[in-house]
């Protein structure tokens, strides 16, 4: 480490290796960056692959999952008898707790006009369990589905829910089109 | 590198315990979803309990061959007077004889949604937004005008000179004459005539015309079957909204129905997949088959492309001999049922 | 000195008390968080289950108002509780963090202040200790390795699952012997255009129906040829928007199924010559599945019942007249000659797809321009070779791995005729100019060593040659039939036969079958002398080469598929 | 039959989902749009990268020029707060190893630029100024360094043995990333739960355990587990500049040796006992023979474990579950097998996929096993070679550039003109 150190074979090798490491690191990253496009990627659920197993509610690294249910209004039937909102055997078609499907009470039912009702998700209450998704998909139009909400998602390097997803519905999508919304026209 | 003596064993014990805890934590950590979601029963959605059917109520047995439609996407089924089976789907109509042997195939320029075979053998085919009329040989006779972008024809029936078309997109039944002229709108919301308007939350909207000229239309949002005269007067309706076996449950049921030779009804439901028989007054008679007999009983489909996920519900047709033909689109098969005890 | 140490003692005491307070708070918050966890992990679910049970009760006893209000109260309680717990956990975690920081800082200060000043040591000769330490370290490494090995053994003990069933079903493709008796691809086994059967009709008439067993309409047009496997006949058809595969029953001629092939590319971008059409490529089967490719770059596999097994878009090929190379199969691989562009962009390649899954098995890139010839798999000295043609090369690959075996630079122009292998030679046509024969036994560049001969007196531009091993016959699309000797390339005769030809000639025993565009099948005697044996008229335009089966010919006309054979 | 295709063929084909129209509301109600909050902007990642570079420059300056433990500590706490608690510990060079690996093996994967920068910048800084990243920037290192209250010296031999796990961890991480199976470094990241103040309880327990160990054992994760640390160790051997003890000024007081919690101060070598040279030579020869055996043995072991290792890949897991169900060896179905059946794919395709992935693991497992064998064999060789040191010096590989030795060095105090009788002053 003294400056007068002679340029012997050992030092020469060392210098060579040093240069090689620097060049190697540079080129490896340069190449990988050059190959990938510069689009940032974020996690999202493909709603057509989702089986609403409930893992989204518990496997997220966040205490309150970043996955929430969303409503595709354009697909919704605005049913009075909403199978995503009401249990299969409702006592009455109303907002009574005994009739609601959602265990966290995150779906709001509002009267629009006869015979239509609007259903909206209160995301602060929703835990992403997907129970309503099942109800809506099995009986109804499937307008309720799960999505990663990017105001909450930490965009982990490996999404913990993705690793636990039985149908591999999680994928990385470009950050400029971060949602895979059902019923949204791509035109 | 001299170790420190005082309290060394406490440190050793703590470190050992911590290592143990760390190893245990790593082994207990489930990163692959193996142990399930861990949510309580309240989060479960299980209709299998409701799907169970009392075997005493089942009046029909599967008979005859299981007919493979050979399609990727079967959509609709109809029978002609001779018992031949017509299936629409895959930009074609396929015809099978009564024994289920494929007879011929009629190619179509687009995707058919529904079809009806008239008494004279003509085929009325509902495309997405218009009707095609084919002669018995499969030659196109006419292609009627489009009913607009939003139109989605889901059912078609002919009676004498009248052709009735269910347009789920506009939630209305249209009456045409045989030449394709629009004669009447039936079922429009009309307080004066006590017609509430159809509630059609999803693309399932079936109709049929009985021999006596009464029009039956399923109102899936209200879980009932309405009876209209061909002039558009709402006569009466029947149908109980219930998960119970006698009623129609959930959204958009019955998705499909057909009239039996004795004037009764055979109905098909989605969600809780079941095919049932009602008499001409709408009283429950019995069950043809439950969800365990159909591929459509699968709860949620996983698909590569959205169009693969388009759920198409069962379609039913009744033969002149009282047999019931059920088209199972996810499976692309036709199942034939006959009454228990009736001769094969 | 003493004063200072007293002051330090005061500080130390203060730090220690602070650390204790921090520790107590840390303990409290940890306890609170654990209690909260237990609450939400045990109490929550038990309440939820209770609620679920009560909801069921409500259905059984719908008039019980007290039960109803209990349900509503419990529901509200659970929801409030959940939100409260989430909020609490969040706050408690922050407080815990703060108290841990206090504990750490104070503890550290207290520890440092209480530390006895270190005593400087002496450098001593510790050689012996170092030797011992190195020894211990080696044992420790061995121990670490042993632990890793033990861990791996534990993992290994978890057993493995062998997918036995998948293999029990037999190979996912038909054997070579089976293939030879079928017509599994464009121009039959090996693309030779030679029928395995000689009991082929020599007379028929499309107008009178003589020897026409059946005639069946084909929904969509296409210039591809029929492919036959036992009782199934496969065709494809397409227009700019729709691509379909058809399956006919050989007995009745009934269209058994048709399968749509989707696309992801915009078909409108394609510039395709009318003469090529949107379905020029003939399908191929490995005896288990049928594969089809379209000029949009879409490849699909169907099972024999019409179920689409997979679909893949290879990228829209850049082909000046429209992509037209047909598919070949080898064992369970689907081989696609995907030559495109002018060869400089590096887009040309030969691709092998796994027939079961549709995945790319291998890919051989080549700097050759677009070509319309169909590759053939031939057996040379018991080893398979995949022969491909593209200006200016004839290249042979190993069909299993995609390794290049040999190449010869001997061709030119827009290559449409496909190569054949007969009499130990691979023969290929350079349109309008020559017929080249190459011995396929070389390695590497064989241009100088293995080109057997060149017959440089013209050649067809579309139709592929056919050979019985002794003579090779060329059919020019205008009106010439040429016969050459395979051994030497010497031209034996050149005969004018009136007609326009798009279909390639075929050999049935000692007869040469030549189909003209008007649908007239001309039958000639194979051999040294030119002799016309007969003419059979179909009465429909024909572009596709016919397919031969046991006692039958299948001919695709412009609108119909014909089955010709002796009625029993 | 007439075919309409000829003149209707040009009609556009409706593709995609049939969009069933929503109801026509008479009351003038228009349905709301589904909300879609935007993800964090790319700018944030560029800011992170800039903070990283500035932080490393500052760290190099503080460690090599200022030589002040206090300043380094302040910077380290700052980095812990920013990269740890503010940015949730979720952009880190350790995990970026996997992104870089996946980029090399999966043509379809595009690496985020930030991940590439985070991977390479600390490497370059290490080549110039030693492990300054570990010492002052890495939040995982910082959280452990901050809790190190009562350091206990770990015997050198134990450290040599335990370090093997870091190599194995690196090898496994690369293998699973290359096969597209999992990012295990992220899965088992022990401290990210603390940075987010919540998370899976098992991960929190793992992190708490490591921190508990870290009270007594300096930076246990960095020394015995960190895969990125393995790379940095070897690069820092080559570094241009690093933490040094100035030999001409060293008074051989051994205070730095006591102060270093990571055992990174190497003492001068002594004289070997009589006869040791001959034994050492023979031992060296033995280990030279042993090395290829270890590599081959490890390779064989890794190959033999291919089906077990492949199980980390979700497709293989699915295939095994479905196979066991189809073969009647297990009862009932799981979410995984239900989801597979709902796709309508044939099991043939699934098994073919699984077999193909296992094939990749056969090679990968052999390479992993061989790598572990090579590391162990190499370690044995290095431990058998006698090296000469005449001075006390900081081991370039093991030094985390924390600066504690500066604080303890009497000469350093002199240099900084802060001579005090006692080193007990809080620095």
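Letters A, B, C and D mark the chains as written, and numbering starts fresh at 1 in each.
Simple rule for what comes next: a contact is a pair of C-beta atoms (placed from the backbone, for glycine too) under 8 Å apart; a residue touches a chain by one contact, two chains touch by 3 or more.
Keep in mind that this is a model prediction, so the values were computed, not measured.
**Student:** I want to compare two interfaces, A-C and C-D. Which one has more contacting C-beta pairs?
**Tutor:** C-D
**Student:** Find the geometric centre of each of subunit A and subunit C from their Cα atoms only, then give the gap between the two centres in Å, rounded to an integer.
**Tutor:** It comes to 30 Å between the two C-alpha centres.
**Student:** What's the distance between the Cα centroids of subunit B and subunit C, rounded to whole Å?
**Tutor:** 35
**Student:** Quick one: report the Å distance separating subunit A from subunit B, using the average Cα coordinate of each chain.
**Tutor:** Comparing mean C-alpha positions, subunit B is 31 Å from subunit A.
**Student:** Using the touch rule from the top of the page, what residues of subunit C touch 2 or more other chains?
**Tutor:** 48, 89-90, 219, 242, 262
**Student:** Which residues does subunit A have that touch at least 2 chains other than itself?
**Tutor:** 51, 53, 55, 63, 77-78, 89, 103, 141, 160, 163, 166-167 - these are the residues of subunit A that touch more than one other chain.
**Student:** Touching at least two other chains at once: which residues of subunit B meet that condition?
**Tutor:** 31-33, 36, 42-43, 107, 202, 299-300, 302-303, 305-306, 309, in rising order.
**Student:** May I ask you to sort the chain touch graph into line, ring, star, complete or other?
**Tutor:** Contact map by chain: complete.
**Student:** Touching residues of subunit D toward subunit B in the complex: what are they?
**Tutor:** By the definition above, subunit D touches subunit B via 1-5, 8-9, 11, 13-18, 20-21, 23, 150, 152-153, 155-156, 182, 187-188, 190, 200, 202-203, 205-206, 208-210, 212-213, 215-217, 257-258, 263, 314, 317, 335-336, 339, 341-344.
**Student:** For subunit C, which residues count as touching subunit A in their complex?
**Tutor:** 48, 54-55, 58-59, 62, 68, 71-72, 75-76, 78-79, 82-83, 86, 89-90
**Student:** Which subunit C residues qualify as touching subunit B in the complex?
**Tutor:** Against subunit B, the touching part of subunit C is residues 44-46, 48-49, 51-52, 219, 242, 254-260, 262, 305-308.
**Student:** Which subunit B residues qualify as touching subunit D in the complex?
**Tutor:** 1-4, 8, 11, 14-15, 17-19, 21-22, 24-26, 28-29, 31-33, 36, 106-111, 128, 137-140, 150, 152, 168-169, 171, 202-203, 298-304, 306-307, 309-310
**Student:** Mind listing the subunit C positions that touch subunit D in their complex?
**Tutor:** Per the touch definition, subunit C meets subunit D at residues 1, 8, 37, 89-90, 93-94, 97, 104, 107-109, 111-113, 115, 117-118, 120-131, 133-134, 136-145, 148-149, 152, 155-156, 158, 160-161, 163, 165-166, 169, 172, 217, 219-221, 239-242, 262, 309-310, 354, 356-357, 359, 559.
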